[in-house]
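If you scroll down you'll find the structure; I have some questions about it.
First chain written, first letter: the chains are A, B, C and D, and each begins at residue 1.
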Amino acid sequence: MKKLRMGMVGGGAGAFIGAVHRSAALMDGGIEFAAGALSSTAKKSLSSGRELGLPDDRNYGAWEDMLERERSLPEEERIDFVSIVTPNHLHFPVARAFVEAGFNVVLDKPMVHSSEQAARLIEAVEASGVVFAVTYPYTGYPMVKQARHMVRRGELGEIRKVVVEYSQDWLATRVEESGTKQAEWRTDPERSGIAGAVGDVGSHAENLVHTVTGLEMAGICADLTAFVPGRRLDDDANLLVRYENGAKGVIVISQVATGEENGLSLRVYGAEGGLWWRQEEPNYLHFKPAVAPEQVLTRGSDYLCDEARAAVRVPPGHPEGFIEAFANLYAAVAAAIRRREVQEPDEALLDFPTVYDGARGVHFIEKTVESGRSEKKWLDARWDGIGRSRRV
Amino acid sequence: MKKLRMGMVGGGAGAFIGAVHRSAALMDGGIEFAAGALSSTAKKSLSSGRELGLPDDRNYGAWEDMLERERSLPEEERIDFVSIVTPNHLHFPVARAFVEAGFNVVLDKPMVHSSEQAARLIEAVEASGVVFAVTYPYTGYPMVKQARHMVRRGELGEIRKVVVEYSQDWLATRVEESGTKQAEWRTDPERSGIAGAVGDVGSHAENLVHTVTGLEMAGICADLTAFVPGRRLDDDANLLVRYENGAKGVIVISQVATGEENGLSLRVYGAEGGLWWRQEEPNYLHFKPAVAPEQVLTRGSDYLCDEARAAVRVPPGHPEGFIEAFANLYAAVAAAIRRREVQEPDEALLDFPTVYDGARGVHFIEKTVESGRSEKKWLDARWDGIGRSRRV
Amino acid sequence: MKKLRMGMVGGGAGAFIGAVHRSAALMDGGIEFAAGALSSTAKKSLSSGRELGLPDDRNYGAWEDMLERERSLPEEERIDFVSIVTPNHLHFPVARAFVEAGFNVVLDKPMVHSSEQAARLIEAVEASGVVFAVTYPYTGYPMVKQARHMVRRGELGEIRKVVVEYSQDWLATRVEESGTKQAEWRTDPERSGIAGAVGDVGSHAENLVHTVTGLEMAGICADLTAFVPGRRLDDDANLLVRYENGAKGVIVISQVATGEENGLSLRVYGAEGGLWWRQEEPNYLHFKPAVAPEQVLTRGSDYLCDEARAAVRVPPGHPEGFIEAFANLYAAVAAAIRRREVQEPDEALLDFPTVYDGARGVHFIEKTVESGRSEKKWLDARWDGIGRSRRV
Amino acid sequence: MKKLRMGMVGGGAGAFIGAVHRSAALMDGGIEFAAGALSSTAKKSLSSGRELGLPDDRNYGAWEDMLERERSLPEEERIDFVSIVTPNHLHFPVARAFVEAGFNVVLDKPMVHSSEQAARLIEAVEASGVVFAVTYPYTGYPMVKQARHMVRRGELGEIRKVVVEYSQDWLATRVEESGTKQAEWRTDPERSGIAGAVGDVGSHAENLVHTVTGLEMAGICADLTAFVPGRRLDDDANLLVRYENGAKGVIVISQVATGEENGLSLRVYGAEGGLWWRQEEPNYLHFKPAVAPEQVLTRGSDYLCDEARAAVRVPPGHPEGFIEAFANLYAAVAAAIRRREVQEPDEALLDFPTVYDGARGVHFIEKTVESGRSEKKWLDARWDGIGRSRRV
């Protein structure tokens, strides 16, 4: 099996999420870290690249250089895909440029700053035909795939209610002023976009609900707060949701919920069963059929669906975590890229969030912020991209 | 110590909550079950009373008979208090009659059908000076008292957010048509009042938040649903709340959440700490200070506050449950009644929900239903009873 | 339903377990606390009785007085049974005396000091035909009854291994010297008997295994320790066990395991399934069939066995605890006593530990202590009482 | 930072643990998979190597070829270390040969078949001065490092008792006859050695206790069983242990405990505190000081010790699992190898099990099997290697 070459934009020394992307890409042995423009200045980029062992000739000072040189290489030498892990404001220009140049792209979420940008990016992806993924890693967990399988097969009956939450506490104080780089750009509207917590963690919650249930939002009612004095973007938000099928939803979002580490959780209640999953205990899925004992399904078990079983590295009882979920997304992207070359993909692996999921997320952020500012109870939150086919 | 004599209205054979009240009253040995008018017809009342061992002369066919005869007895013979556990629509007339006759009263929640009735009942209680308690038993749990102690002392700092939930699933199907008495009256507006789940379980959630935090609601935004076809009252409701101090709240209520048994839980997030408590695991309270490991406080431990320690029967690790929480309420009522006689009460026990808590709950139900019908996002939910002194 | 009259020996003011017995007896409304000789001196006995509301004519200064006077009363007036909750060394003389006088008896565990005493007590019980129960309350939990049902029905297949543990930490320091009455007599060989932790908590572990599985011990290998300097009885013990069917067992016992509150737990592994139960979370039973997801069975659910459903007061999700488990034992004793009068017992309730269970426990303590002193690896631990019919 | 080149012996297609070793080695980006002799026949080796992307010239048909050719390469080209992941019977010859040729070695556990082999391997390692690690991955978990830190610093006081367990169920039926390669060699004395479950999982339990507490075994008393008919090695074992300081231990081992997935857990009880850790929930460590609430320490938190903080990739609440623990071991080995080149190691990372830990594990297995066959209660289990300095 040929190794795929990954280029990276952003993710230099000190950037938390860049290291996670690299571990996720490398751990299964099918991808090598081949090139990068890792930081916002040439000096920092080159220094980071050296530290991470990039060869000098592919250690770029700027993403534009990487784009130019890599496209000039023979096809069999150039990078197979680029992974973009910059602050949000660079997502759109960098992603569009690489897509238009015909490179496959892995892009961090939230995809772009606006639905208008999202539409243009969709257009570019459809025109170029590249593989394009947005890194919502939480839906890469095997037990989320199992939850999706069970809901979609109807094991819960008609879905009535969804309660999803993503609560953290790392922004409970004014850390953006104490030199925490992660906090600085996330609380800065110029770089983060129109939303704070809603974009940073709320969008994961939205993606988790939609991935598992397929429910489409009809209306939302949001209450956004910036609790920490001086903060310019929301650090807390709570939403009531109405879905198209009549189901009701509650979305709880916070980055100031003291004591919460990375509290993403989902509960789905149907007429015939209920499901629970917590990201902090990701190897377990709880299922309660209406008239029988609760079941605790465990990652790696034989009784799980194909997609859940394909996304596993070690047997039950050997915990997998966040990086493995992330690696599942990279493995699926790699499989999609290879599918264009060989004709034997493992269908169960072709399973990752696409440009459409990214656009749906941007729509969610926009509508949430709009509702937060509105006196009206219910804001129409229907997304006009529904019905477009899933695409890798 | 003299045993107090309890009379009971409602709670005849087959009524779940009546038996709980009796166990709670009897288990500490300070109360005896002395009289009753236990059901809606004389025949059923008398038969229930006989089965439960009431003496014939105090086994009444109707609550009016009990009221009349007991008040005619010499003070040292008559019942010391009456416990009213009928369906909701009888709460007001029965409670008012006993209060006006000078009897101490324990009344099931929701207290009455309307704020107008609540005001008249408050008036009667204040005029008569009787001991009057409303049975919100969940705040009788020792670890809830500990939570209250910690929040009120400021151990969490300024409170920013509250997430409270009360989800059950026993009304997920149309059980009211299959002969389940409990379901019949609870889903019938004539007997249950203007709300279904909001009154039956939501009011406990409201009482829990207020008891622990003391926060006063400023505005609410509610979405009520009747999921089960043909049901006339809400069986699900979700609320956004704004509190007077700027804190935000989320209240999740359901009786159709398949898989939830009696899922009452509370989380309180302050600037300097967070608290978690779940009714289904009531002997534990989780506290996370901002810069130190999470602590798991356990019922019965020496490091708890006076009120929490006073409300305990067995050492840590010997679980106490729902009936013990309920019994704490009865013990506190008994202490209040005795206080009027002897002058050595244990102050830590004088701790139970009063007619004002009951009125606050009725206000919550009214405002929630009103908001559910409103197009307006935020409904003013301030309660005009704030500031009235707590009274036993 | 006629109330049964309970007399009590021991359990005066300040005795933890006496109050538990009373709450357990009283909470279901079928038993009244009618008489008592509550302490070791007449003065303390009478004072305790007054405080607890005993009528003067049945507030005795000594158990011998109570025995004499009660037996002299007409049958329809005398106490229906006596509950003996003294320190261990009084169990045998008091219990034998009441049994021989024809009184039904509830006796705390460990039943007596020696197998020789046990044999004499069995003889007396068989001769008199009284109802005789030993208070192993942990097997009164509904989910233990469910576990027993499942194991006995073969749902786990042939049992291969049992791991049972009872760990506490309240004797981790030399509390017997700081005025803790509970600790004083439990660490004194004169009053406690030949064993410390082995008798006080280990015997519960043995009873739990036998009750659930029916396995008979063939051999044991024990290691006993007194960790706290100066302590004369074991405060920690660990055992390997071989059962007659070839199954293996591990019994972990401690009262110095810092951090353990009341850590009684049981795991049973069969060829086709496994079971877990923890006393500190008693409302749940975990069952793992060999080829399917784990199930979490909950107290109060319709799918449970008759015995488990009969031993429940409140619906699923409303926790029951230690006192309710204890109350199940009293309810069963009361049912047994009534069965002799009326002929409509609820068979599912006739379920409590008998004099034979008590004797088995004494045998376990003796053999464990003997093994602890032996150089031999395996000590024959077969009990010669096997095969005697269960008797109430 | 220069990438280290890893060669691998064993771990070809279909071998579970080989893939884990590779993911662990690759995920941090500091090691590349450069060479291998991956299977027991040349044909299977070469085919596995091709599938895994090894270059043809370093894809060897036999480990002897790899050893010969790699040692003939210039030092700056040859593999930096070899990872040996064959069935147990090949550990000794392969490891010794590479050590004697001057290669650094990572070797799977149990290290070798006998203490005699262990002594010879220690001799070879000491003579050659290579870096030599034995893969006990469970002690690579950050919270195990934290536990070690707390016990060694005396936060629990004098250690009195240890309860360690490693229970699985994958050998509960006769899977060795159904073509499961993992089961075949593990139940075959020729390849597995003198022990089954005791060697396969029990040795991890021993390593965990010793790593965390430093306690040295003085005596053991073991009961081994082969429950599955026809099985020639133990599939279950239970041990009582006496440690040199007077502490007592219980070791519970099983591969037939139906329902257990990978149930490795440790509890340590000291005079002043207790600790709990479960491998299936590895991101949490529970600490109970004698007179204060239980604390739940979480991986990634600032309050942890240096070693625990150095062994972390993602923030609290983002779970890390088994592969990350394994990767910590590889990262430490890589740091040790680099230390010989550059002089700036991160001391906190130089933390992995050595040849002495491996020898201790072999000693444990031998003594356990010997005790299992003995009529004597206590077998002297002191290890003569105590006091040798830790060496990387």
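The criterion applied here is as follows: a contact is a pair of C-beta atoms (placed from the backbone, for glycine too) under 8 Å apart; a residue touches a chain by one contact, two chains touch by 3 or more.
No experiment lies behind these values; they were computed from the predicted model shown.
Farthest from subunit B in terms of Cα centroid separation is D.
Of the two chain pairs examined here, A-C and B-C, the one linked by more C-beta pairs in contact is B-C.
Centroids built from CA atoms put subunit C at 55 Å from subunit A.
Here the CA centre of subunit B is 35 Å from the CA centre of subunit C. Multi-chain contact residues of subunit D, defined as those touching 2 or more other chains: 260, 287, 294, 298. Interface of subunit B with subunit C (complex): residues 1-3, 16, 19-20, 22-23, 26-30, 33, 51-53, 168, 170, 260-263, 279-283, 298, 300, 313-324. Subunit D meets subunit C in the complex at residues 156, 160-161, 163, 165, 169, 172-173, 221, 223, 225, 227, 236, 238, 240, 242, 248, 250, 252, 254, 256-260, 267, 269-276, 286-288, 290, 294, 374-378. Against subunit B, in their complex, subunit D makes its touches with residues 287, 291-298, 301-303.
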